[in-house]
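Next come two complexes, and both contain chain A; in the first it sits with chain B, in the second with chain C.
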Partner chain A sequence: MASRLIVFGILALIAFLMTAPSAMTLFTSLKPPEELILPAWTPPASITFEHFERVWTDGGFRRYFLNTILISAVDAIVMIGLASMTAYAMVFMSFRGKLALQVLFVVGLMIPVTAIILPLYTTIRSVGLINTHLGVIFADLALAMPVFVFMFSSYFVSIPRALHEAARIDGATEFQIYRRVVMPVSVPAIITTGLLEFMWSWNDLLLRLLLLPREGMRTLSVGLLNFQGQQTRDIAGISAGTVIMAIPVVLLFLFFQRHFVRGMTAGAVK
Partner chain B sequence: MADLELRNISKSYGATKVLHDINLKIDDGEFIVFVGPSGCGKSTLLRLIAGLDEITDGDLLIGGERSNKLSPKQRNIAMVFQSYALYPQMTVAENMGFSLSLERRPKAEIRQKVDEAAATLKLEALLDRKPGQLSGGQRQRVAIGRAIVRNPRVFLLDEPLSNLDAALRTETRVEIGELHQRLKTTMIYVTHDQVEAMTMADRIVILNAGRIEQVGTPMELYNTPATEFVASFIGSPKMNLITGKAAQEYDAATIGIRPEHLDIVTESPHWQGLITLVERLGHNTIVYAQVPDVGPVTISLEGQHEYQVGQNVGLDADLSKIHRFARDGRPLV
Partner chain C sequence: MDDTLMDRLRASVSRYGPLSLFLIPTLAIYLFFAIYPTLSVIGYSMTKWNGISPEKTWVGFANYTKMFSDRIFWEAFQNTFVWSAVIVVINVGLGLVIAALLSRVWRGRLILQTLIVLPVVISPMAVATIWRWMLQPKGVINETLTSIGLDGLARPWLGDPDVVLFALAFAHSWSTIGLSVIIFLAGLQSVDEDLYDAAKIDGATTFQAFRYVTIPALRPVTAVVFILTLTAAFKAFDLIWATTKGGPIRFSEILSTYMYKRGALENQYGYGSAIGVALLVIVSLATLLYLKLQARPEDR
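Take a look at the complex of A and B:
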């Protein structure tokens, strides 16, 4: 009993530490200006949405929100198609250079984005895609592709080989097998990929800061920096902006949580 | 419908050769069973015929046409898999009509063909269910239905009964036999179960270590096995294979006596044995005995007998039914 209490206590402490920053951010975003001098962990005595209004209109978040939604949604949708097709070829098809391609994807998994940020910037600039959503989307897809190819591959190998063979016997082409047999049974992997890529794209700062310097092209993560000066910061603005930025991701995760966990653990157990 | 011919078919995976110069002619409408122990290459051979694996060497002729490079679709064959391989997201009707929908046939035609196959296999009530809502036997029937709908030239069945329980296996075995009688389509059936092979086949192909040991009707294989391996593989209980002094008496390296050709006698027995186990099956009794200088032997007696473990009995063999084998496993005439 005592050991259970200790475990419970440790878990409760970890849960508190994990949720405290989110709670403090939410409290701060809802506090009227006169309450902002109080410690961050005190809940607001009266609730106001003025910081949200300010951030949304004066802070340019309306525009940033649309930019972010556009980039993240395109990233997620295109990534599902590209990664699943690549993984399908890797798992179900035989072709020359397959091993070399697999090695390249593994290498891609190991290289951090910061290590290649300068050549990436130069490449994007040389093709004239700086300050375009397309430039960021290309960079996002290229950088995250190995992760999702790996994820889809892990899922596809758990699909019985006989299904693929039965479809071949039935006269299906590889694309028909992919579209009508393999993808419909890969919903957890599709949702996990879509959700993860959307979240990564949504939260990314580095690439957007570098590739989208123009005001009208900015995303939410870059927009948050507007509330941070060298000597001062608008803590209520940052908090409201953070909440605005977090809401879609939290909602998406809550909605697809069950599939997400299934996708992440696919192939882990028989 | 079509006949098949396999000419010097070989299959290698890298440096490992798994099938060696397979030569076989299968007549139009014939029910052929490939049988052999695990790893003998029977499923690999079926996959080569299906077009799921590439033939390393030799020629495959379907309906007289060289088909090595044809896709499974172009070969116009249907295959029933051991695991059924039904598409889990589709209903029974969609599963059965999938190949026709790929050909963009009119919906009414697909529905009509699916309904016909469903009626043949008593699947009418299950057409809107998903495979996950079916029992093993029902899934197997859907898998067969999916093959029937296409009206293929050749049916390939890869151990289709191995996931069913004993009662259902017997029932489905009969159904497949009846289906073949009705459709008269060439069927190639793979199994490791020699009882399935004996009861269903027009001809049996016995494979061992990637080679054909013998091809023949069930009774040919039973009565005149071409090798010691065939003799031991066909028949249940297995043939008694006796070596040593007892075999030398008959000028052979090994002699084979089927359990039903041994008898327990009281007068002038050839051997004396000690009973180690008795299996009473009702219609017959199987007695296991240990015979000095011979080894363990199995005796199958018709009807019910009251022999006991530990009892000493006299044994006699029907000399006209003894099979004699040379050291290389070939029969001595």
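Take a look at the complex of A and C:
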């Protein structure tokens, strides 16, 4: 009994320390100016949203937020469509070169984005997509594709073959089977893919730094980097920007924790 | 004749039509935006090019010989290993301990687990602002140390050459250890309960059971966490770039930041790409090892 209490106590301490950095940032973002001189760990005595309003309108975070949500949402939706269709072909259709295709995707799993950003930049420039959201979207899709193709494949493999055969005997086309039979029973894989791709896209800095240099195109990551560099003394503003960047994915995590946990364990290679 | 040609065309459309519908969009994007740049980085690394001019000079392995005799490259290389080693030790060691403790708690477990794992979803950019603020000379870390009488330990964490890399590695671990905990927890659930019962009958203490039952049983999972943590650390860029940009001087320069400076900022695409290839080779080998480890259970 005592040992159980000790274990709980240690874990509570660890959880407290793990939460403290985020909590203090949230506190700072909500403190009125006169409270900012108090130690960071003191919760705000009265709450103000002035720092949020300031970075949202004057700091340009409104635009950054909209840009980020647009890219991340398109990434997530298109990724669900493309990865599932590719996995469908690889699991349910027979064709020559399937093994080669699998190898090609395994190779993709091993490519670190960091290592190829220079040619990625020139490739996207060569098709005129620098400073366009489309360029970033293509890059995101291409680089994370293998992870989700394998995620859908491993899910599809567990779908009973009989289901697919029955639909084919009824005269359904491949697309109809994909749309009406396979996808409706693959909701967990769809949710996991959407959440993970949305989060990766939301959180990335490197690609966006390189591909979206123009102010109006910036995402939250690039906007926050710039804001932090220019307004070094505005701790409350930087904290508010940080909270704006973190809140959406934190909320998604709290609502869909089970899916996140499963996806992150499976897609951990990226 | 026309008929048979039409028939053959029709046959091949109905044969390959659906297949191309399913595969072509993905393949087009994947080949052009992932595979082609990967091949290009190898090509670029054998040229001298500023990234803009039409003039690209073939130089063979000159960039690699330059790289191997570049003192800064080796500093960055060494820093990458130190940074990765610190992260691996924390994420594997502490990650296993936290997971083992969590698996012994029933009431309140979900909330503890949620709080510990939560930083995993926070963007490295946001992690950077949080920790840059906490680690600054008058930041909350030094304030805390001073208030508990440990003034001697207080220092400008990100400005001190001796500790900057460790401080940043610690911040990286803060934001990634949750992933290790999740994977270890999944592994712990599959450890055979009978082994613990047998150990208990033999009179083993809790610690002995952990040492002689849990750790050996988790060896494959530990290998997975080890490699995942290692590759993630090798690939990292965002956190360091958003805090120190490799500084002070080059004390937190790792391969990715050095490549970015040489390639993207100084327009040395050839040399930057050679560093990129070094990164590619290291990460690919580690990932290949990971895929082999993962494939093993299915082989049995």
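The working rule: the second predicted complex is superposed on the first by the 248 of 270 C-alpha atoms of A that agree within 3 Å, B and C clash if a C-alpha of one lies under 4 Å from a C-alpha of the other, contacts with A are read in each partner's own complex, and residues count from 1 in each chain.
Just so it is clear, contacts are C-beta pairs under 8 Å (C-beta built on N, C-alpha and C of every residue); 3 or more make two chains touch, one makes a residue touch a chain.
Every value quoted in this text rests on a predicted model; they were computed, and no experiment measured them.
Visitor: Are chain B and chain C a fit on chain A, or do they clash, once the structures share the same frame?
Guide: Overlaying the two structures gives chain B and chain C room side by side.
Visitor: Report for A:124: first if it touches chain B alone, second if chain C alone, otherwise both or neither.
Guide: After superposition on chain A, A:124 lies in contact with chain C alone.
Visitor: Please work out whether A:88 is in contact with chain B alone, chain C alone, both, or neither, and reply first, second, both or neither.
Guide: In the superposition, A:88 touches chain C alone.
Visitor: Considering only touches as defined above, state whether A:191 meets chain B (first), chain C (second), both or neither.
Guide: neither
Visitor: Figure out whether A:171 sits in contact with chain B (first) or chain C (second), or with both, or with neither.
Guide: first
Visitor: Report for A:136: first if it touches chain B alone, second if chain C alone, otherwise both or neither.
Guide: It touches nothing on chain B or chain C.
Visitor: Touching A:12, do we find chain B (first), chain C (second), both, or neither?
Guide: second
Visitor: For A:163, is the partner it touches chain B (first), chain C (second), both, or none of the two (neither)?
Guide: first
Visitor: Between chain B and chain C, which one contacts more residues of chain A in the superposed model?
Guide: C
Visitor: Looking at A:240 after the superposition, I want to know if it touches chain B, chain C, both of them or none. Which is it: first, second, both, neither?
Guide: neither
Visitor: Between chain B and chain C, report the minimum C-alpha distance in the superposition, expressed in whole angstrom.
Guide: The answer for the closest chain B-chain C C-alpha pair is 11 Å.
Visitor: Tell me, which parts of chain A touch chain C in their complex?
Guide: Residues 3-4, 7-8, 10-12, 14-16, 18-19, 21-22, 24-25, 28, 39-41, 82-83, 85-86, 88-89, 93, 95, 101, 104-124, 138-139, 141-143, 145-146, 149, 173-175, 178, 199, 202-206, 209-210, 220-221, 224-225, 228, 235, 238-239, 241-242, 245-246, 249-250, 252-254, 257, 260-261, 264-265, 268-269.
Visitor: Mind pulling up the chain B residues that touch chain A in the complex?
Guide: Going through chain B, the ones touching chain A are 50-52, 71-73, 77-79, 81-89, 98-99, 102-103, 146, 150.
Visitor: Help me check something: in the complex, which residues belonging to chain A touch chain B?
Guide: Within the complex, chain A contacts chain B at residues 160, 162-163, 165-172, 176, 180-181, 184-185.
Visitor: Quick check on the complex: what are the chain C residues that touch chain A?
Guide: 16, 18-19, 21-23, 25-27, 29-30, 32-38, 40-41, 43-44, 51, 98, 101-102, 104-105, 108, 111-112, 114-126, 128-134, 139-140, 143-144, 174, 179, 182-183, 186, 206, 228, 231, 234-238, 241-242, 256, 259-260, 263-264, 269, 272-273, 276-277, 279-280, 283-284, 287-288, 290-291
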